[in-house]
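These notes concern the structure reproduced below.
For clarity, chains are labelled A, B, C, D and E in written order, and residue numbers in each chain start from 1.
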Amino acid sequence: MLKRKEDIGLSPYELKFRGLHRSGDIRMTLFEIDFEKVNESTIRSVEELLPYKNSETLIWLNIDGLHDEKLMGELVGTLQIPADILSDVMEPGTRPQMEEFDNGLFVSIKMMELNEGKNRVSVDNLSLVVMDNLLVTFQEEKSDLFNPVRERIRKHSKRFRTLGADYLAFALLDVVIDNYIFILGGLGEKIENLENEMIMDPGRETLKIINLLKRELSNLGRYIRPAREMIIGLVKSESDFIAPVNEKHYKELQDNINQAVELLDYYRELLYDELNIYHSSMSTRLSDIMALLTIFSVIFIPLTFIVGVYGMNFDNIPELHWRYGYFIVWGVMLLIAIGMLWYFKKRKWF
Amino acid sequence: MLKRKEDIGLSPYELKFRGLHRSGDIRMTLFEIDFEKVNESTIRSVEELLPYKNSETLIWLNIDGLHDEKLMGELVGTLQIPADILSDVMEPGTRPQMEEFDNGLFVSIKMMELNEGKNRVSVDNLSLVVMDNLLVTFQEEKSDLFNPVRERIRKHSKRFRTLGADYLAFALLDVVIDNYIFILGGLGEKIENLENEMIMDPGRETLKIINLLKRELSNLGRYIRPAREMIIGLVKSESDFIAPVNEKHYKELQDNINQAVELLDYYRELLYDELNIYHSSMSTRLSDIMALLTIFSVIFIPLTFIVGVYGMNFDNIPELHWRYGYFIVWGVMLLIAIGMLWYFKKRKWF
Amino acid sequence: MLKRKEDIGLSPYELKFRGLHRSGDIRMTLFEIDFEKVNESTIRSVEELLPYKNSETLIWLNIDGLHDEKLMGELVGTLQIPADILSDVMEPGTRPQMEEFDNGLFVSIKMMELNEGKNRVSVDNLSLVVMDNLLVTFQEEKSDLFNPVRERIRKHSKRFRTLGADYLAFALLDVVIDNYIFILGGLGEKIENLENEMIMDPGRETLKIINLLKRELSNLGRYIRPAREMIIGLVKSESDFIAPVNEKHYKELQDNINQAVELLDYYRELLYDELNIYHSSMSTRLSDIMALLTIFSVIFIPLTFIVGVYGMNFDNIPELHWRYGYFIVWGVMLLIAIGMLWYFKKRKWF
Amino acid sequence: MLKRKEDIGLSPYELKFRGLHRSGDIRMTLFEIDFEKVNESTIRSVEELLPYKNSETLIWLNIDGLHDEKLMGELVGTLQIPADILSDVMEPGTRPQMEEFDNGLFVSIKMMELNEGKNRVSVDNLSLVVMDNLLVTFQEEKSDLFNPVRERIRKHSKRFRTLGADYLAFALLDVVIDNYIFILGGLGEKIENLENEMIMDPGRETLKIINLLKRELSNLGRYIRPAREMIIGLVKSESDFIAPVNEKHYKELQDNINQAVELLDYYRELLYDELNIYHSSMSTRLSDIMALLTIFSVIFIPLTFIVGVYGMNFDNIPELHWRYGYFIVWGVMLLIAIGMLWYFKKRKWF
Amino acid sequence: MLKRKEDIGLSPYELKFRGLHRSGDIRMTLFEIDFEKVNESTIRSVEELLPYKNSETLIWLNIDGLHDEKLMGELVGTLQIPADILSDVMEPGTRPQMEEFDNGLFVSIKMMELNEGKNRVSVDNLSLVVMDNLLVTFQEEKSDLFNPVRERIRKHSKRFRTLGADYLAFALLDVVIDNYIFILGGLGEKIENLENEMIMDPGRETLKIINLLKRELSNLGRYIRPAREMIIGLVKSESDFIAPVNEKHYKELQDNINQAVELLDYYRELLYDELNIYHSSMSTRLSDIMALLTIFSVIFIPLTFIVGVYGMNFDNIPELHWRYGYFIVWGVMLLIAIGMLWYFKKRKWF
């Protein structure tokens, strides 16, 4: 999300890739969706797109890899996607945004995916260009996240062909946001389990785990909160490229992203409560330690003084020569100890 | 409220039940409300609904159980409720929402009910489809919450027949929100009692109770706050399916849900204050313990030193051979002790 | 403010009193205000109102007591006040609200009054129904709060007759809100005095007083904040029942209630600061106690060790037989004590 | 700002002074501003104003002293300022407000002035009545704050004559708000200096200073925040009494008051940070004290025990009779002390 | 940002420099941009500007140095920039603002630049006056920040000539805001590194670093937050001086400044978390110290008492004469010590 020194002052029309890794080839896959059938193919050059222009079918072109500046330039020429839109596509650190242009609508959002080992969330920027009967999507790396939508296209090609590129875009955004909620749910489960463990035994590592979860949640929020802002903007825009029949779906997106933000806020509150419980238990522990020290000290300090008194070497200490002096001293000390214990019991110190 | 992996990417038109338990049969009850009389019946198939379509009477169809996908499909055909609405009905984790469609209005809200033993609040999703002279309500499990409304229909059928399906929907939503306030009131009573107890004797279990109440309140908030958002949206929408004569009732709903949210905020503040009182009393306790330890230590440490001095075995310690040496030492020690006590008294340490 | 189980699901048209106490009779007083003279009378039945209907004079009917369901029913018939309005009048726990109806405007607000002994604030619900040349006010218990307005009516009957029922309603609401500020002022004085006392001597009872004042302030806020929301709604509504000439007065009400809310926020901040000062002074006290303990311990612990060394009974301890051994030890111990004291002085421990 | 018991229920048209002190005479000064020249005079009765009514020149009448109820009544008659406006003028505790009336605009704001000794800020209520070619300003006490504006009038009378009473009112309000920023700047300097001092040596008096500065800042906020609300209302109102050519000046006022509020928020944050630094340094101090106590105790406690062992008087303690017993014990004790010191060093306790 | 006493009450039309340093000469550089070529020159007097007035080319005049009051006066005459705009230009402490005037648009924003040694951020006020085919920019000191834009003008003069002065203004503002993000990124890196270091070893200097970073971040916020407000106002204004073709660029500015504010909030949260971690680790340290002290004290206090008992000098202490008395006492003391250790182990104190 940060800015590199050399990218400051770049022209908004410059087709320069501003991401970190550019390993691997560009991969372009094409869905041609008609009422009755779906054609899937892989293309290698922009020229292969020419026959699909102005076709009556619905076309979905997905491009994995953003670093080919020549290819992007050809897209400007062939598909009339404005250069400043493609410049934003090539900036993976861009904030979720939506922008209408003459012949289409541009939307960008962060896609999150839980990795295999379920330990780390990978984040990729998804760009969607919605045009008449054409949807172009861009991502840096190939992802399996959209497989359910591919399945639905194969089964219900008629619905997609009828509802158009904006419905297809909704379907993809819906998957992205459902994944937000899914990932939040996983994190939330860890947070809720931690609370149960803490009541049992709040060890020191608990604090580290809480801080780690807080950092993770905070990072998710950095992507989800601006995405909500973008979705709300999309619904409010009443763009010509979202057909009235699909508006309700975009409103449902808004409900879903609101739910995600509410989960964020709820889990954050849980974590703050857990931090408080941890600190309470730590200060209770300190209090207990001090109470124990005080009980011991307060009982034995006077006793130790007394035995010190009769350890003095004065020539003239009458008590030392009493027959039962030693036993009387023991008795006095026992009385003192019992009195102290009774006092502490009364004040509920143990 | 969480998302299952297999439900990501589901079509918004798919009639699939996404809840947890699907025990028991579907139960459909029907109220036919006319100016002078009310017919109540139980129906077993959607076909039985056909004679009621386009009838002049007001019909309330209540369906308990959401898992019968075939039945839902028949409702699409028979009552013209859109598939995407019924798909939302079959997702019990949905956020409170309202949506207008061609021939009706869809509203969903969380219904809360205090269980018998009054220990746990059960939550169910209530969906309402308001159409012309027809109200369809859906819940996962049968509830007695609406019995007072059933009673009112039987007594004042004319009012319901005149004011229509939107008035009936209001009556049900009003019960739901009154229950929010009732449940909050019960929780609030516990919170207020705790405060009184705490002033007497803030034990350690207090902290656990505060944390439990905080969690409960926070959970209620997760349902009540989005419900408020939905009700406000409903009032603002000025839907054609809410007659002008009923608008004031929906505004009263908004007042009530606002009252619920204000109670939430008030009780939350109470709980935070209680937490503060608890921590203050804990740190006062620590301070008291330390004061006691210090008083004892500071008095006896010099005395113990003195008796140690005269316990030394040097050949030449003149004081040891004074006649009243032992008694003089006692006198000195008494003076020291009294001086210390006077100092602590002055600083109000006890 | 809470909901009783039996009131859930009540019809919004039901004339049922939902308050707690219904002691005493209903009392109805009537002001008939004309340009030149004012008639004051007490009436006993609704029928006595008939001659005043559609009169050219301005009528103010005040009703103390809300529990007479038969009387309320007659008001619906005689004065055409809608049943759902009167149902709200009979719910003393209602949230401050305003509602326009066909032939009038309904406003409800909480009235606060400092009791004689100035120890407790009593709260009553005030309902106002503003109609053409007629104002009806309802309260549960008789109050002297409005005596200054009664006085003004008697003196300036012409102004009231000219400006109408909405001006009279303003005058009453103005008194209610002035009282909010007056009561807040009294509470604020206690809060500010507490701050001055605290700087002198923050005793333990201080914490209890702060918590009590916080609770009181919080309770006032529960009535004042929603009242502000209502007043703002009233000003925004541009109701037909508020004449343009009186709009400025209602805007002044808004200024006044804003002032009340600002006082609330200011005093709340003061109380939070006082809590902080209390806790700071407590932790300074703990720190001081520990410093004293440490100074004493750190000085005497080595000394006590030294005298212990020469209290040992080894056969062969050369120092014991030195002529000035005892005095040398005293010298060493004095040096140690002075060194320690110098160190503590340097670190500013006392 | 508080409400006196006897002022509750006062008529909004009553010309009664509600301030605290009414010492001194009323003083009325008059500027008659024409394109080429400015006449300054002092007048003693309202009648002297008559020749200026409907004059072509711009008139600024400034009145110091608000307690002359007879004079105010004459202003109603002579200048057609409505009685309810003048009633607000006579309430120095009023909230900053703006109100349009038939033939003018009423604005009131708090004027703050740093006193000579720069120790206290005095607050006065400034009321402005903007009419056609006439500005009337009211303050309780004479102030030199507006001298720069008087100077500008004398130099640039043509600009004032051209831009009118609204420009003159802007010039005065601008001075008032510039003074807010100036006073905040002085307070802020103290706050920033305190931070630098604290890093050196956070003494106990620091806490008192922080609390005093917090109170002062909070008091400024009580006047500045509502003033901002008023200025924003003024800009939004698009009043007929503010000429289009002067609108940009009022927008600049809004910028300035926003800057004042931002300064308020910034200094408040600084003070909170300083409080945190103070508390951190106090708890570090406690921690250091405890570490020192613990180091001494933990080293000497075992040693004191050992010398106690060989101070026992048992008949049969073999070690006592060893030739080098005393020296061996010293060796053991040295080893223990060194071991402890090494352990504390390792844990970085000193 | 503060106000000087002598600047209070200054006329908004007064051309007086209100900054701090006025070292160095004024420097005026001129870009004349045409479709095919760009002329760059340095001018020394305003008269040299006359030939460029109403030229068909796009002119960018940059002025470094704001203190020449005579020059500013000539700009009013030659370029028809209103005096009150130039008065704001000469106040470097002005809040970021935008203002439309008859023949142009005025924008001011804070420009931040990381200095060579990368230790301090220098802040300068940038003023832009956008007119027809003319952009005038003002800064106090020369900066290299805009070099990339100068480069782009030289390469793509046609684009700048076509899109006009508003596009050029956007390009400069874009650089300013990109720099905000770049600087925030550098600060953020320090903050994130600190977190990693802290988990290892939270030393005392950590607290000082956190407080320094907090202050730095807070200072950046004072410039960035009002800049966001200004940019949002600019986008909302739909000024005539921003061509429709350039609106999308200004919307992108808004996205960028929002990103900057989100970074501010994110890093602030990080710093607060770090403060919490620091305090937790400090209180854990205190707790550990007290636990150690308590373990030692509680074990040795009873033992020291016991050896004291047998150090007493009573004539009659039977145990002293037992054969194995000394060894039995050692046994008892060992048992006590082991018991204590077992107890502490059980409570997990070490």
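Everything that follows uses one rule, which is that contacts are C-beta pairs under 8 Å (C-beta built on N, C-alpha and C of every residue); 3 or more make two chains touch, one makes a residue touch a chain.
Just so we're on the same page, UniProt names per chain: A, B, C, D, E = Magnesium transport protein CorA.
Bear in mind the structure is a predicted one, so any value in this text is a computation, not a measurement.
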item: Labels of chains that are neighbours to chain A and to chain D; value: E
item: Same or different residue numbers at the chain D/chain E copy interface, by half rule; value: different
item: Chain A-chain E separation of Cα centroids, rounded to whole Å; value: 25
item: Chain A-chain C separation of Cα centroids, rounded to whole Å; value: 41
item: Per-residue overlap in chain C, given as positions that touch at least 2 other chains; value: 283, 286, 290, 293, 297, 301, 304, 308, 311-313, 317
item: Chain contact topology (line, ring, star, complete or other); value: ring
item: Successive chains along the ring, chain D then chain E then the rest; value: D, E, A, B, C
item: Residue numbers on chain D that touch chain E, as the complex places them; value: 146-149, 152, 156, 159, 171, 174-175, 178-179, 181-182, 185, 188, 199, 248-249, 251-252, 255-256, 258-259, 262-263, 266, 269-270, 273, 276-277, 280, 283-284, 286-287, 290-291, 293-294, 297-298, 301-302, 304-305, 308-309, 311-317, 349
item: Chain C-facing residues of chain D, complex; value: 1-5, 7-13, 84, 88, 94-95, 97, 99, 101, 204, 207-208, 211, 214-215, 218, 222, 225-226, 275, 279, 282-283, 285-286, 289-290, 292-293, 296-297, 300-301, 303-304, 307-308, 310-313, 317, 319-326, 329
